[in-house]
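To keep things simple, chains are lettered A, B and C as they appear, and every chain counts its residues starting from 1.
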Amino acid sequence: MTGITLSDLAGRLGMLLRGEDREVTGVNTLSAAGPDQVSFLANPRYVDQLAGTRAAAVICQERFADRVATALISADPYLDFARTLQLFARPQGCLEGVSGQAFIHGEARVDPSATVYPFAFVGARAEIGAGARVFPHAYVGEDCRVGRDSVLYPGAVCMAGTILGDRVVVGPGSVLGADGFGFAGPGAEKIPQVGVVVVEDDVEIGANTCIDRAALDTTRVGQGSKLDNLVQIGHNVTLGPGCMLVAQVGVSGSTTVGSGVVMAGQVGLAGHLRIGDGVTIGPKSGVAKDIEAGRTVGGIPAMDRGAYLRYLALAPKLPDMARRMRALEKEVERLKALAGQGADQGAPEQGDKDEQ
Amino acid sequence: MTGITLSDLAGRLGMLLRGEDREVTGVNTLSAAGPDQVSFLANPRYVDQLAGTRAAAVICQERFADRVATALISADPYLDFARTLQLFARPQGCLEGVSGQAFIHGEARVDPSATVYPFAFVGARAEIGAGARVFPHAYVGEDCRVGRDSVLYPGAVCMAGTILGDRVVVGPGSVLGADGFGFAGPGAEKIPQVGVVVVEDDVEIGANTCIDRAALDTTRVGQGSKLDNLVQIGHNVTLGPGCMLVAQVGVSGSTTVGSGVVMAGQVGLAGHLRIGDGVTIGPKSGVAKDIEAGRTVGGIPAMDRGAYLRYLALAPKLPDMARRMRALEKEVERLKALAGQGADQGAPEQGDKDEQ
Amino acid sequence: MTGITLSDLAGRLGMLLRGEDREVTGVNTLSAAGPDQVSFLANPRYVDQLAGTRAAAVICQERFADRVATALISADPYLDFARTLQLFARPQGCLEGVSGQAFIHGEARVDPSATVYPFAFVGARAEIGAGARVFPHAYVGEDCRVGRDSVLYPGAVCMAGTILGDRVVVGPGSVLGADGFGFAGPGAEKIPQVGVVVVEDDVEIGANTCIDRAALDTTRVGQGSKLDNLVQIGHNVTLGPGCMLVAQVGVSGSTTVGSGVVMAGQVGLAGHLRIGDGVTIGPKSGVAKDIEAGRTVGGIPAMDRGAYLRYLALAPKLPDMARRMRALEKEVERLKALAGQGADQGAPEQGDKDEQ
């Protein structure tokens, strides 16, 4: 899309236009937007930038509408900003159709509406759905299925048997279906990993993330879950729908994660755990035990948010506590000495004295 | 392999068949196995599933054999499960031989029994051994050597001069022999990394793992070691034989790790350390000092297991400790005041009084 | 370069040759160098190796020059070692020119002096500068610019619109310009990431590192910064010039990092922070607050270096502190009891006694 009028934009997204209509061609921040761009106010700390913005219009709550020449009044400005961007965003890529420089196995099935770039590899019995796009250097192993309108970005890898639902996005360099980490006995004999990876509809996976195939059965990523970059999902993990895993998270094998679970960056989970629905895990946490639904935890070991915030405040004071502990010990020793003196005076001996 | 009789299986692996012989075609969990599949009991917590399993036979210890219709009695059920899977597992991939769509440099040497997929790149003077398999988008730089029956999965990279032993597996997207992180002086001038990476026989490397080439000399991964996904091995590191490094571990440059060392997920090691044979390092640990052979450590900083378990129990109680510390301080102040009072009564002054 | 005389080497780098001139062909460690190689002494702990080295000459400070037969006296031996290596190091790769087996879009512009390997992909309107080298399986998306003498190693990915300055190095498997992690509303609707990544001159990026494109505007890596392997840079981050980020560091979105900042391995930064010039952050630290220029911090939460060193010393003593706390509490209870007794004796009641 190259241009749209503000009134058309308001109509499409259910916003209210207050001010002059005109055509806009994009979206930018309050400070960077030009007169043919829309901007937005989602975070009140930027409210001072309203006065100086050159944007054609600002998507904002009604209470801020008076502070700009032209407002697009919205109940949820951040969401409407996202949806406005969706109208303008161009997809990545510069080719269409199935390239003759791709490798398509004779037994593969590629929908005629799909795009397969040069140097992509599609293995035996793999299926590429309608509207799907497979970028250069992507690898689709034998017996994989790539759903409708799904995208494999450059260098994305689906090892044999990986199943992707519809509208799934796999970022550049991410690897789905590599062997889980399983060895047995003193000689570390390989346990062949004969299960698969299933990624449900509307999942988005970032760059250089790894999701291992199951030893037996299935490693599963639930509908609509979003995984950031450099995330590790071990074999036989189940992630429920609507989870958000930030960069560099690691989930060990056979752990089951409920729906709507949020893990901040660099979190690590042990294996064979059960994480309940709606759990939030703070950054860098180390989780070694099950977590009940709805809890917010943080730290190593992971503890409830309140306890962790107190821990964070106190950890830097550990040296101070140690110093105070030594001071108390000295003081108590002194008091004991004094009390011992007092005891000599006030106890049996004194009684003895009394008998003198 | 499509089918094998239970008696044949028992014979090959040295198990004892108790029950009816029949043909089986695969392996699955107790709950998921069908009547043509073998299952296993390795972890006693699944013992209750024995009653309901539909598996043709269960690999288990003798003490559990009476609880199923057909048992394959094994001294080490987990190992025999692994070996049974090895019989059934199909290797990844759907092509054989050297593809005309691969790039093989004129000075490279590829064994006629090797497989090189379309879009693989084999550089000058590189050698690909007998039975080796080089998947699409793998890069074998000049002067590399890939040993017999080794596998480079899709997108695996061996930069110039990397040496892989026999039966080595390099997972998708892993990078061996990229430059170590070395810069000198205030302008951060590049220190060229002119050493190599040597990976010994039977090593398995997961997906998107990085092993840097040495500045000078060699970065080495010892025989039979297993590295999981997203692991970082710095330049001039030596890993001994039989190590197990779980996902997202980082080992800094010039550290020397003994044999049979286990590092759990997200562990980090500083550079120039010596880690003894048989050391085990718990998840998320930060290691900044040498560790003697045989020790089990955890935490940041890494401490002995016993101390770390006590630390883990106590860290959440730090706020409670701080509160108790304040209470003690108040109490001791009160006692001091009282003792001061007492001292006034019981010391010289009281003596003075006595003299009155 | 195959050989150079010591006198020529001394002249080029401004060192002083003391001893016999001869030709040398490389650089190695004191213990491994042969008689046609130069070695160096940068770290005094290796001083004992001077006596036994077979090196043709040793780059060292003047005070050590008497201890070897031939010395190259240098004010900064480590830097001159780096520069000597620069003279000998051979670049990676075995081809030159633009391969007919690469994909170059009809609207791309590739300088005739550039090298593009087989299976590299260069998209529409992309520009590859003079002397640049694009290795196999590298992806240069539409509208990207790769500056003069820059290198994209195998599998490196630049998504659409990524701008690389001159002499930039992108390691194997690294991904620049993948979508930032941005979703809005309860349904986690995609916020299209329409900004770009700009990498300034002389930046070097390791293997399998990720730098996300901005939501709007720019994610920027400043001139001469060096990023190690498996690093994560979120959308809209700005790194100043001359930063050093060690492996597995993660910087969350919209954080601004000053010049000359050093982050050790596995550090994590929250989003929307400001990190001042010259800050150093110790390994595995978790940073959730702004840091003023010049500070050195460590720990979770990040604290000043001195406090963190004391914390590191004390954390393993937490169990001991807890034990001492219990002992103190008991002691104080006992003292209270005694004091209570003493109080019974020394207070009004005693007065009462006196009155008897």
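Simple rule for what comes next: contacts are C-beta pairs under 8 Å (C-beta built on N, C-alpha and C of every residue); 3 or more make two chains touch, one makes a residue touch a chain.
The structure presented is a predicted model; accordingly, all values stated were derived computationally and were not measured.
Where chain A touches chain C, the two copies mostly use different residue numbers: shared numbers make up under half of all numbers in play.
The two copies, chain B and chain C, are related by a rotation of 120°, based on C-alpha atoms and rounded to the nearest 5. In whole angstrom, the spacing between the mean C-alpha positions of chain A and chain C is 24. Among the residues of chain B, those touching two or more other chains are numbered 119, 137, 155, 173, 208, 230, 248, 266, 300, 315, 318, 321, 325, 328, 332, 335, 339, 342, 346.
Those residues of chain C that touch chain B in the shared complex are 26-29, 32, 76, 78-79, 81-83, 85-86, 88-90, 92-95, 101, 117-119, 135-137, 153-155, 171-173, 204, 206-208, 224, 226, 228-230, 242, 244, 246-248, 265-266, 283-284, 300, 312, 315-316, 318-319, 321-322, 325, 328-329, 332, 335-336, 339, 342-343, 346-347, 350.
Touching chain B in their complex are the following residues of chain A: 103, 105, 119, 121, 123-124, 137, 139, 141-142, 155, 157, 159-160, 173, 175, 178-179, 181-185, 187-192, 194, 208, 210, 212, 216-217, 230, 232, 234, 248, 250, 252, 266, 268, 270, 286, 288, 299-301, 303, 307, 310-311, 314-315, 317-318, 321, 324-325, 328, 331-332, 335, 338-339, 341-342, 345-346.
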